[in-house]
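First chain written, first letter: the chains are A, B, C and D, and each begins at residue 1.
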Amino acid sequence: MHQQSTAHAQPSPATWVRVLILLTIATVLEVLTYVFESTLGVLTAPILIVFAAIKFVLVVAYYMHLKFDNRILTGIFTWGMLIALSIFAAMAAIYHIYGQPLLTP
Amino acid sequence: MSHAAGHTLPAGEHTVTGISHNRLMMWTFLASDCMFFGSLIWVYFAYRGRYFEGPYPHEVLDIPYTSVSAAVLLLSSFSIVMALTALEHADMRGFRGWLLGTILLGALFLGGQYYEFITFYHEGLTLTSNLFGTTFFVLTGFHGTHVFIGIVWLLVQWLLSFVGKLTPAHVERFFVTTLYWHFVDIVWIIIFMLVYLMPY
Amino acid sequence: MKSRRRWVAILSLVGLTWLSSGCGVIGGKIASTSDAAGDQARHIWDLFLVPVWWLSVAVFILVTGWLLLNIVLFRRKPGDTRIPPQVHGHPRLEIVWTLIPAIILALIAIPSTRLIFQLNRDPGPDSNALQVQVIGHQWWWEFRYPEFGIVTAGDLHLVVDRPVVLTITSHDVIHSFWPPRLAGKVDAVPGRHNTMVFTPEETGVFYGQCAELCGAQHAHMQFRVVVQTQQEFDAWVQKHRQPAPDPTPGTLAATGKELFAGTAGCAGCHSVNPTYDPSTPINKTLMVGPNLAYFAERHTLAAFLPNTAENLHQWIANTEQVKPYSIMAEKWWKIRAQQNQLLTEEQVNAIVEYLWSLK
Amino acid sequence: MAEAAIRLEQAGYRRSALVEWLTTVDHKKIGILYYWTAIVYLLLAGFLALLMRIQLAQPNMHFLGPKTYNEVMTMHGTMMIFAVAMPLNAAFFNIAVPLMIGARDVAFPRLNAFSYWSFLFGSLLMWSSFLFGHAPDAGWFGYANLSSSRLYSAGPGLDFWDLGLQVLGISSIAGALNFFVTIVNMRAPGMSLMRMPVFVWMVLITAILILLAFPSLTVGLFMIMFDRYFNTNFFNPLHGGDPVIWQHLFWIFGHPEVYILVLPPMGIISEVLPTFSRKPLFGAPFVIFAGIAIAFLSFFVWAHHMFTVGLGPVPNALFAASTMLIGIPTGVKVFNWLATMWGGSLDFKTAMKFASAAVWMLMIGGITGVMHATVPLDYQQQDSYFIVAHFHYVIFGVIVMGLLAGTYYWFPKMYGRLLDERLGSWHFWLTFIGTNLTFFPMHFVGLDGMPRRYFTYAAETGWGSWNLVITIGAFILGLSQTLLLVNVVKTLRQPAAASADPWDGRTLEWTIPSPPPAYNFAVIPTVRGRDAYWIEKYGDGHHTPAATDTMQRREVHQPRHDNPGHSLLPPGVHLPKPSWWPLIVSAGLTAMAAGMIMHGTETLGPLGFPIVGLGVFVVFFGLLGWHFEPAIEHEEAHVSQ
């Protein structure tokens, strides 16, 4: 019953190839961002994060079938990711915004 | 033909959600593993830049080299999904071929990591040399361990396919393996971005 | 039978309520957080009483009262097979008792947040605040006064009504600095320096201790805070800028000094010079053991014993029994015991005499 | 048990009772194994607590030395949390959850056995540290760098702690995966999520918490292990390492852990109160959502254990606010429980006594919890006996009392007998008085400035008199627990005569005999609402009438275990097959941990890595064997048809 509600075009090897091409392009752009770091300046980090996120979502949605699969699975994985990301943000803030100067030995 | 990697449940299994027990467990485990790698990553990130002595990241990291190995791992995600499609179509020859390809790509990635570690070691970066060494080796090392377990798991399934213990009837079981393999890949997407490409 | 049980319940509840009302059960002890002698401890205790304590009492009475009413009113009679009305819920009530805790918490959160920022406020350069560095060691406290280049251990000297900014760190593992009557606690973490700001409001000698598990002798890591008037403090600083005078030659104390610096090996870890170079980083050790300058003036010995001649004698002669696992027991007493080089009774007496001459 | 033997006899072979317990994959038996292992540990860890109380009864006692005291204190805390409270929870997951959702077993029966065996071996590994004279001594939270540096904690004590916890963590994660999948996938037809019993809800939430919280502990423990074995710098300040990172990792795990411990007992309370009040749980959806809210918030409050660490006023204020938010759903739960009792017909059986006392204890523990969330107050209370009082009110007052309520409540489902009510009443009252006598005065010594984890204190501190009261209370509390054992022994000597539904229960486990047959349900029931069985018996009082063809009638007359004529499985029922592999794999896993501990010692060092290798070998081939073994006994299925 769930399959019907989320019915999509049946993924075929052509889909996998298309995703692979996108992944490759994103990786190349990612490395290029790194190469042109000095030009991009503060934009480097957000651009890198966007490309990584795109790759991440492509693999999870297509190769791992979340796009075609039961929504419950998406929910489970998203909550795990969400809590991990939130704690990451909190830790980053604690250490890099509110952090105190370190004592050097 | 089973659809989208076996929306059909294995014989004799009835579930409320229509998701097989194994698939549900694997996704739940992966959510849990997010927190595992999350913990490693946020410790790495908290210590970022707190390196009292060298070698520093920019002195040792070799981006072109690692870009290739990141691409190798991405490619293995593609080949394993091809193996899955082959199994769904009961194409055992194709399945074995793509699966072997995946195993070899995984092994290539691990070999690359081994070579990278050795190089860093010779440049003076060790587990104990500084905080970068400690956090870098432990984070990427745990990822490598995941890859290694994945390779063993795939190898076992590859061998089983020759003795008739892995057949198109077991597509759901194999699908769960591919989930694990892809997860290892997406973890590397994050590590590659955060550890290698992110400017210091 | 039934009624007796009910009385047990009621009496024990009444008893607990009485106990929890705090009738003379706390306070009046050397570490009571209710007997504030410093502004931080006073602010905290005031916040504890109003609003936290009284709101807690209100919640306690509300919940206990409701529970007792339930027990008294709705207890099933023997043979009663009645099925009570099947009430599934009441959304409006749910809203009410979601709001009640929310309001109570807001009433606590607002003054609490204000106090957090107040307690962490840097008094600024105009405040004439005293600067002291506090360094935790296993298991004793070191105090350095960078303004005066003075170092001491065990006793922290402060000035009444003059704010103090403590910079707290640790030399080995995590400790926590806690003078309960003056202020709350701040952890001493190796590799970090934390600050604590407070103003002592009474003169006297106040008890302090370590509050974070730091190894075997965690319970024996006390200090004393000596709060003095400005004049007394100035005199103390003046005195501590010079080393204590040498004992008269030929006396027992003079023999003790020789032993201290020589065969007894004390000087390997302990200095008797009260001054140090103030530019030394806070996490650089001056000496392995506590600085013993003007030792005779200290209130404690080995970070927990009253500083008496008998205790000192015991400590030197029987370190392993007095404070096992301490560096002095492990690295000095035990090694000397193995090599059969423990000090003789006369030698211990001489060292005690020497240390007691340091005043 | 007898039933399984008959069943196996038909398959052509018979196993001894011992082999049967070692290879069982039946959730009811695994639950009983969990239960008794945890109860034995409860008594052992409680004994450690009494040792501490003797030492602290008066100032300057010389009963335990400083190091021994720290070892006893560390093992008391670690074992009570990981080897008592969590496994007792797991025991009730096993005993009750499949029955309450109308399932014949859990989703992965062999994984369930694996969880139990790795819990047993991991905890035995940790206890064995006493035999080697090096018990862990850095507290149950093992703060780095005291725990992570061999300079400050020599000997293998902390290695036992670190690796033992890793094994226990794997056990918990395996159990949580299993129960998550079971609850999501195996509910009886008609049991939508909102019709699920509240206990099952709390187990579901707990499983999610375990899955998301434990990895952080695992990673932290690995870091301590690397620091201790390979001199890495995670917590080494000389190379910039910050010991506070461990506290973050530990409390990111540790605070959800509190709710991992307390939510299942809260679920038990939410089952016991309605049953003995003859009323449905008041505002059940709100109680469920309160549980979800608590679980979600628990991931964002960890730094309230670290207010004195020096994070700065802004993080402190934010974490204080998020912590206080947890007070709201907790309050909602308490009020809903009280409203459940209001207007009911309250039958104060022992289970009900424990459950209502737990509500009251939660209120006290909750109030002091809010005090700690108030950062300035925490500056004084942190690491003092006030904290010890607070969390013992929660851990003993709510968790243990809730689990004791569960014991009296579900004992018929474990053994087919009802525990003695008179002894139960004595047990309850002595426990209640002992608990309050022990833990309430701790508030006073805490406010009088007594820090935790002190092995002794001076007479001049004035803490002596209350400490004596505490010690007396602790002995009352400790000794009164023997009444539970007396009660069990007495009860088990009587014939198994409990009816299927002794309490006039509300949920599905009461539709089947006590104890249930191996297959639980001959016919999987269809659920028409929350309190599924109550509705069949009496209707819900509103729209749903009682059933004429009740589940009671259909199910209660299922074959009893002592009736050999009915020992055949119902048609179409496949039971999981007993298996040695879970035992073997968890033994291999424990061998890996034990080898690592040996590697850190001087005498057994060279043996270490070979034993780790052996463990890996056993785990790998154990998993292969597991994989090849059919999970279901097909022969039996044929015999029965």
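As a working rule, a residue touches a chain if its C-beta (ideal position, glycine included) is under 8 Å from a C-beta of that chain, and two chains touch if they have at least 3 such contacts.
Because the structure is a prediction, the values reported are computed rather than measured.
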| item | value |
| --- | --- |
| Identity of the chain that, by mean CA position, is farthest from subunit A | C |
| Two chains sharing the most contacts, counting C-beta pairs only | C-D |
| Mean-CA-position distance for subunit D and subunit C (Å) | 35 |
| Geometric centre distance via CA averages, subunit C-subunit A, whole Å | 48 |
| Interchain centroid distance [CA atoms averaged], subunit A/subunit B, Å | 15 |
| Shared-contact residues (touching 2 or more other chains) in subunit B | 17, 19, 24, 28, 31-33, 35, 38, 46, 50, 52 |
| Sequence positions of subunit A contacting 2 or more other chains | 72, 79-80, 83, 87, 91, 94, 100, 102-105 |
| Shared-contact residues (touching 2 or more other chains) in subunit D | 184, 211-212, 237, 239-242, 248, 252, 310, 312 |
| Residue numbers on subunit D that touch subunit B, as the complex places them | 107-108, 173, 177-178, 180-181, 184-187, 211-216, 218-220, 222-223, 226, 230-234, 239-242, 245, 248-249, 252, 574, 620, 624, 628, 632 |
| Complex contacts: residues of subunit D adjacent to subunit C | 65-67, 70, 137-139, 143, 145-146, 149, 151-153, 237, 240-244, 277-280, 282-286, 308-310, 312-313, 316-317, 320-321, 324-325, 327-328, 330-332, 334-336, 338-339, 341-348, 356, 359-360, 363-364, 367, 370-371, 374-380, 382-384, 425, 429, 432-433, 436, 440-441, 443-444, 447-458, 460-463, 466, 538, 540-542 |
| List of subunit B residues in touch with subunit D within their complex | 12, 15-17, 19, 21, 24-25, 28-29, 31-33, 35-36, 38-40, 43, 46-47, 50-53, 127-128, 130-131, 133-135, 138, 142, 152, 156, 165 |
| Residues of subunit D touching subunit A in the complex | 184, 208, 211-212, 237-240, 248, 252, 299-300, 303, 310-312, 314-315 |
| Residue numbers on subunit A that touch subunit D, as the complex places them | 72, 79-80, 83, 86-87, 90-91, 93-94, 98, 100, 102-103, 105 |
